[in-house]
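There are two complexes below, and they share chain A, which is joined by chain B in the first and by chain C in the second.
Our next item is the complex of A and B:
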């Protein structure tokens, strides 16, 4: 098990979480508070550039220069452990730290630009951060604290059929750092087990992309939604009630477009979509509107979760 | 018929250009490709389109520069499945991204980027990477209730007691705008926008 911190954490704000599923941020804070994780959010931290980066608009120097600024802010407030709610923020930031440490030419070029333009306070020095020791996803923190989850569980969700969708940019980009590995991703299955539930485990297309493909969803929707349908059909074959996510972009693809893909496939899809932090927060008794952020969901959470029964102590 | 021995034409220069690109994190991975096809066999774009990651590396190793003009490059999902399974330690996903940046540097693919310039605009105005407004009509058509939800976003965020607010302070936006100006990003965006708008 790799080293995972539970303090000095900058909870890295995500554009997609902020504007599409703000309940993911509220749920993460709710669960972190229950588990005693020491974190803060900074208004100075800005977007990782990921959506623009993977649409080929931002090049690496742009993304890594923005990264260097965010890394400096994290260090300046004494929170050098960046923890991401979005798989793309995670992949983008980890790659920038790797490149800034390994590629002297890139680091020196960005630092020279900062020096020449009155931004010397943002300079990044080699090994200011370490990719495996300072850059994490929320699931890493939760997994390291998994033994403490059980005692906070209020509701029994074990009657639901639950499956997990592990985002590609958590599992596949920096696979050497992925808890549970990349071949049979299961870190979320393990976390759900700590809530007293059993997932269906492996299913057809479990490793597959959500189909967003960044530009594909908007510029090439046939390709995008055909890929999503592979997985959505596999989920329906298993009669899944709740699909659990760790990335807001995957979450959008499944939750926002489930009705459209249902029409395209001529098949009724009924799963609801929760981020892992929302799932655990719900099991811990988080309010649907004040913590989970149910109003932001397209497939209503209460279309599946109708009654919550308390666990027998 | 003569058989062209391409190795004599130094085709490796193209691969070396990719290896030396700042975005490459796989060292000399591209040269280690054995054309096993694991990438193509696991690729969602290959499953559903003409995209062929194995062939991309074959053409790079052949020194075939015309690949940067191949439209199928733009079908990659950037899911990194090829990157995660390659037994030789190569990453077609990264090579694809590098090829596209080479294309853009040469003025190719501006039409593919034009709709996504909204990501740049939102960074300069709000330091966030919001979904470009140009797609809102499609989203509103395809996602029931989405527009209504977005109209109530502030209320929902308020009920969740999220703090700090969505928009970063003015000095933060100015600082990141300055960074994206000195890296050459702003000039590139304006070049793409004016070229595309002149061609319409």
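Our next item is the complex of A and C:
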């Protein structure tokens, strides 16, 4: 397996996580603490531009410049390993590192912009960071520490029917770094196994997009929600209780719009949506309000998860 | 005196291959020689006249040809410099090791100048020597008993050559025996494959010049004196093939049933079995991994042919040449989970369909689904694993899958006109006469849809194939009750293994690489080893047979023409020699012996490594060709063109390492311009004084590569370590010298090592 650090980590905050599901961040911290991962957050860090970038608001130069600034912040506090909770932040930052290292012209241009604006301290030098050695998703860190998950598990969630939805921007952008398969993504299925549960594994549309497509949700809602509905129907066919995510974009698309798609399809959907960190935190005994952040969810978590039963030790 | 020699340099543009990157005008300005010529294609026959005229007109003593690699064209130019002695010419490799690995024109030009200057200085130290001709043994080993190997064996045997045909499975016949029908572009009809294969098989079995070894693999190979010494491992068959009459009573008695791999696991066979009806040797075999050792078969065998105890046997085999015909395997469907091959019974491969429609297959030729019904709609998916740039995919086209799909679609249509067949294709590739067959298939009402399906799912009793119809730009869901996948051809495990054992070059896709894709399509990087069939690249039966017979012709050329050996080998002064035998002891290649009270040196096995020189107290041995001086002159020539601030790394490689380095260029990978490769007869000839001189006079680093299979490897490694120690004693950083393993197939690894060493040296330079 590729090298994955467990220290000197900057836990990269995600706009969508903070605004929509703060419990994802709380859960990530909860699980990282249990597993002894050394991380910190920085209030200086900004958005990766992802949503704006994919909606053609920020071009690649702006995106890479903002990346360069965030990379400098990470290095300045001695935490050059950026770990993302959002698949889009992950793909965007990895791409920016690749471009800044490979494209001398782009790097020089951005460094000039910094100079002109009195921000010379933000300059990015070639190979300051390495795309495969410094840029990670939370699932990478959890996967590297998977052997230690089992001993912290408090609740047995194995009675629920669980499926995974792996985000496109984790699986399908930087193939070389994706853990657990690209065509048949399984990294979360493996992590869930460490919690003493089995997922349903392959299901129809397992690899498909959530449908968000960034601006597509707003400019082409029909197309966007058709993709979501395909997947919702497939999950309902399998009678899934919990769909586990690794990207807040997907999470929103399913959780916030489940009722809308239900109306559209004339079929009631009952799955709840948890980020992988929330799922593990829940199994590790994280508080539903303070850690999991259940109140931020549209499909109530307690509509499915009732009476948690403790693992027999 | 050598400095007064008149040197002529000939620059080749190589039709732009060189001149598009290297500024040859600039090169001409920088060189100080008697004559400089430039030509578009120096290797053409016109080149001969240009070189010869210049030699006469300018009275040249030495010639440098700055062109491609000596591995491509050294022989050509040795011939073109006549009347000069062939060894008074040297080639500067400014294509494979310059224009093909560098993209920055200015830096590539500077490197070309350095390489040419090194050649100029080297060639001044060259002396006239005569090549030596040797004969190699006539016997041939053919590895792989499929249609290619069988045809090569037959062709050679009919020309009087003794052949050993080595097949690792229990029967010869290969994939062709399995495919059921083959199709003829001329007759526009499908014919029985086995009926075409059988006569070849029979002819082969009866030919006295061919020995067939089944259940046998090559496990070791060593080349000495033009002879390949192979060690074969023959696994036990547990049946005496002399006694077995293939009556089948043993299989009737056997209680163990396992999936029949010859039928792509679509039917069952016993643990004692005959691979297929026409298999050769005509005998049963025991699959010992699955045998329960109940001895029922022993009791049933009236011929007493069964031996439940058996050990694998090692067989040495000496041959002069080898034909590699180790074939292909099919793409692993686990890599395409979206097509559901592992999940759904009626999602099958074309190979399995071939078994199902074959009369000797699991359903005796009836097209049936797993539930025993005839399918109503078959959807075929093309390019599964081929033409695929996603992870685990192959970028190449597997070449035969379009015609295979057409053939199987027609077979279905002939027998079951009511079954609908739809082929989802990327492009239909049916060149030449095959196009007529494509039309014929369309007339047969086979339907075509352009699009590569994304996934196959099961809904109820049916499969849904999801794809975009890329001609209409529409998303479609196709219902089917049988899905057939046209899987890519990829190198077989045997092909990968044999490349490693014989140390022959492979392509980035793992197929055996020919020494030149246009003009040497059956030779490999290694003298005396040839390739044919799908071990080389995807191809059909016709092409495999053509290449097999071409390989046979090349073997005979080699057998009749003999081998020309570079004359840079040891020579004994018998007046001085006192027959102490020290050299015989020292020679790792066992090339020295005493014959008729004189030391005899076998020219085929002597590599000119110079190890014997050190031990000879009488100083009776010399190695022809002024090698020490040539290496020193090359180093000086390279360093004299070094500019301030330029990083210069000298890389010493023998023929194997040099071939690997060429392959970096052939595959258009890159490495830094600082890397300057010097070809030496044997790495052992690079002496401490060469390294010391290089580092003291401008070289920033020295890289020495050696093939671990070389008998001198350990010796060279120790020597380099001593050189590093000495460097440290002198207060220099020993990391400026590096020693590395090189292999012909792993050219990409060598490129990586060049990059890493360059980065390391750059770091050291920054520190100082």
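Everything below uses one rule, namely that the second predicted complex is superposed on the first by the 313 of 313 C-alpha atoms of A that agree within 3 Å, B and C clash if a C-alpha of one lies under 4 Å from a C-alpha of the other, contacts with A are read in each partner's own complex, and residues count from 1 in each chain.
The rule we apply is simple: contacts are C-beta pairs under 8 Å (C-beta built on N, C-alpha and C of every residue); 3 or more make two chains touch, one makes a residue touch a chain.
The shown structure was predicted, so the numbers you read here are calculated from the model rather than taken from an experiment.
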| query | Which of the two partners, first being chain B and second being chain C, lies in contact with A:94: first, second, both, or neither? | reply | neither
| query | Does chain B (first) or chain C (second) touch A:79, or do both, or does neither? | reply | neither
| query | If you stack the two complexes on chain A, which partner ends up touching A:182: first (chain B), second (chain C), both, or neither? | reply | both
| query | Which partner, once the models are overlaid, touches more of chain A's residues, chain C or chain B? | reply | B
| request: Pick one for A:57: touches chain B only (first), chain C only (second), both, or neither. | output: first
| task | Give one of first, second, both or neither to describe whether A:245 is in contact with chain B, with chain C, with both, or with none. | result | neither
| message | For A:207, using the defined touch cut-off, is the partner it touches chain B, chain C, both, or neither? Pick first, second, both or neither. | response | both
| request: Using the superposition described at the top, list the residues of chain A that contact chain B and also contact chain C. | output: 175, 182, 207
| message | Show me the residue ranges of chain A that touch chain C in the complex, using the header's touch definition. | response | 175-176, 182-184, 202, 204, 207
| query | Considering the complex alone, what residue numbers of chain A touch chain B? | reply | 15, 18-19, 22-23, 25-26, 41-44, 46-52, 54-62, 65-66, 69, 91, 95, 98-99, 103, 105-106, 110, 113, 116-117, 119, 122, 168-169, 171-173, 175, 182, 207-209, 211-216, 218-221, 223, 226-227, 230, 256-257, 259-260, 289-291, 293, 295-296, 298
| request: Could you please specify the touching residues of chain C with respect to chain A in the complex? | output: 335-338, 343, 390-392, 455, 457
| field | For the chain B and chain A complex, residues of the former touching the latter | value | 22-23, 25, 44-45, 47-49, 74-81, 83-84, 97, 100-101, 104, 109, 112-113, 115-117, 119-120, 123, 127-131, 135, 138-139, 142-146, 149-150, 152-153, 156-157, 159-166, 168-169, 172, 175-176, 178-180, 182-185, 188-189
